[in-house]
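Below you'll find the structure I mean.
For clarity, chains are labelled A, B and C in written order, and residue numbers in each chain start from 1.
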């Protein structure tokens, strides 16, 4: 077995006296979707910020392909192949698709001081990359990002990450602000990214979305990892209960036992 | 908190006694315009020159200046009240906006502090407020003199360019020009420019050019400040009317004077600001220390017309900062 | 992408930041052409607003780029008199060669811009506040130095024929040579914003500074450079005006602050940054200049000038807002079935 693509070992994070993350260990493999579940305030966003180089862990290590890495900036994390896409996708709503796609990595043509931005190439590549993710409605790289739908923006941001060679893609609540159809589309794109061998960390509090695409699930409660399981090991109801209540594991276990007893020892079928 | 207040109070008392101790002669508070206003810079020079006499008499001059001209009346009134609070022995100040400032003047008089009006206000106002005297220019007569000068040099239709429309003293200047020229059968209309053109010489020049192009009968341009005269000269030249349109201005600067010497500007109406500052301070000093008072009711420092006849002496005075 | 077809011209036009300002310009031009008559439409009439637009435009361009990058520089209000006083004091009062005077003025602009930029970048204080500080500081410094060095606050300068020819003469007696400097500046800034990759950086910085930095853009260096551009440009306008009008005053130029911001906003630049174009800024400047000067060609009582300026500018800005919304909403597939 090769070393996992990304491995967190005993990550702790405190802001002053407040412990936000407690002893988190997680693994993600290439071509796998890890769903990070948790209620608001569970520590999901702090964990993402550590992974994307915004914060540094108080203790614990982040390893990539078996080597310990140390991110000093988001740029640093990016150089290691970690790309983060936030809820609203494109953060430059008033830039064109082609321009925003290449921010900081602009393709140039010409020579010397007269090197100019290769707008046509930028537009072509951006449009092609988005269309490859199945967004066929985008065919003009000059359109403004702000004119795209939420799902299209997510797709653009994911396409950008994939284009620039991300090996780990962190998606922060990508479906939260979307309608049913758009969300389905984004989930399909997540699966496409997974197919390309990218390790996806999918943050959500929508259990249905998580179960649809996830291979591996971790539930955070009050900064600690409350559960870590593979696809098919827990039911939707179990997970929902975990996320909602979950302070006392024993209490929960008892509830689950009672639930199963009332169903002749059978868990309800997994909703899919 | 209490300690801080106490500390501040103590400091204030010490500062106040220190100032009082230093000035056993007249403590003259002078309220004036911004020091970056070229006109007030000359007044300030007069004040500084007179301050030497005050110092020799054991007194001191404190120049309280406006920071902006945005709220000139209210700000000046506040400065007068500051001077009262500092227990000045006499306050010399311009009465720019009578409605806002007169109450403060009355407060000074009530506190037993004599007032000397200079630069703005006029002789009647000085009498009304019980001030020692008024030293300065009166805008309307200065305008009249300018209008008459235009008429005597053949101008019949003069525009008066006002870059701060609504300011009472500038309106009076333009009205004076208009009435002065009317006596000889000519006419003068005002050209008010919007605030967005203020301080932008190109905008002023182009406005004047356009006005000249629109009305070919205009044969004179009067401006209300020296800088505007530079812009006007440019506008007249651009309109191709330098030979026909005569230029006169209130106040003056180095470039204006050179044009008068060259012959491309007819005249400048000077209110001789150095005299205003110098006389306001030295007469205040004489009044407070020794009860001296001139018999002339209103001391007019202007209008002094600067034209080809006295240009050389004026240029020499300007070089030294007196004009 | 092979099937990327040419969009219909209307779509391209709609989403350009300058479309609204172009319509605004056409509106005010037609307005004054109707009410201003033949003189307004003549070459000298055109010079009226071009001359005003030129000096304003040279400051408005870097201000526009700063605004697109999400910053603001109001210290230009005292950098313009600083530039004119510098050249007048050095070359007029002390009779140094004009090149030394020009160099001093531009250097002061660069230094003040550098200070602005460093303060904004290092302190995270909004640039409006920082440059408000330098606005006063520079004004005070200019006044103090001018009084110490020359004893007055208004200094004359007689530039030689070369300097006059380059910076301060009227082509054909009507068009200020400044117009050509403005065109050159517009081409330069246009290249930077729209054709070089720096333009992409500037747009991204205005859209979201944090994301831009995370994407690897040296935001601090770009910010400082932009502030230096505006400082140097303001000093340039100041020195060229001193050479043109043969004199410099300590207090002139405050009206440039608002006029430049108005021009930029009328030109379609978003006040909060991230959106705008150089063509738009140029059109906005012309619009403002026409509105400001056109009134003198009409028969209207000049007392109403400010009112007309205000109304026309509001119309121009509203036009911009409408077009920005259209640009955002514009999509070729509207109405077709969606996935």
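Rule of thumb we're sticking to: a residue touches a chain if its C-beta (ideal position, glycine included) is under 8 Å from a C-beta of that chain, and two chains touch if they have at least 3 such contacts.
No experiment lies behind these values; they were computed from the predicted model shown.
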(message) Tell me the chain pair with the top count of C-beta pairs in contact.
(response) B-C
(message) Can you identify the chain nearest the overall CA centroid, using each chain's own CA centroid?
(response) C
(message) From the mean C-alpha coordinate of chain A to that of chain B, what's the distance rounded to whole Å?
(response) 71
(request) Return the distance between the CA-based centres of chain A and chain C, expressed in whole Å. (result) 43
(request) Measure off the straight-line distance from the CA centroid of chain B to the CA centroid of chain C, and report it in whole Å. (result) 34
(message) Under the definition above, what is the set of chain C residues touching chain A in their complex?
(response) 1, 3-5, 7, 11-12, 15, 191, 195-197, 199-201, 203-204, 207-208, 211-217, 270, 274-275, 324, 327-333, 338-339
(message) Give the list of chain B residues in touch with chain C in this complex.
(response) 34-38, 41, 165, 191-203, 205-207, 209-211, 213-214, 226-227, 230-231, 234, 237-240, 253-255, 258, 321
(message) Looking at the complex, which residues from chain C come into contact with chain B?
(response) 39, 44-45, 47-49, 51-52, 54-56, 139, 142-143, 146-147, 151-156, 170, 173-174, 176, 241, 244-247, 249-256, 258-259, 292-293, 296-297, 302-303, 305-306, 309
(request) Flag every residue of chain A that touches chain C in the complex, lowest number first. (result) 73-75, 78, 91-95, 99-100, 102-106, 108, 115-117, 123-124, 127-128, 131, 134-137, 139-144, 146-147, 181, 185
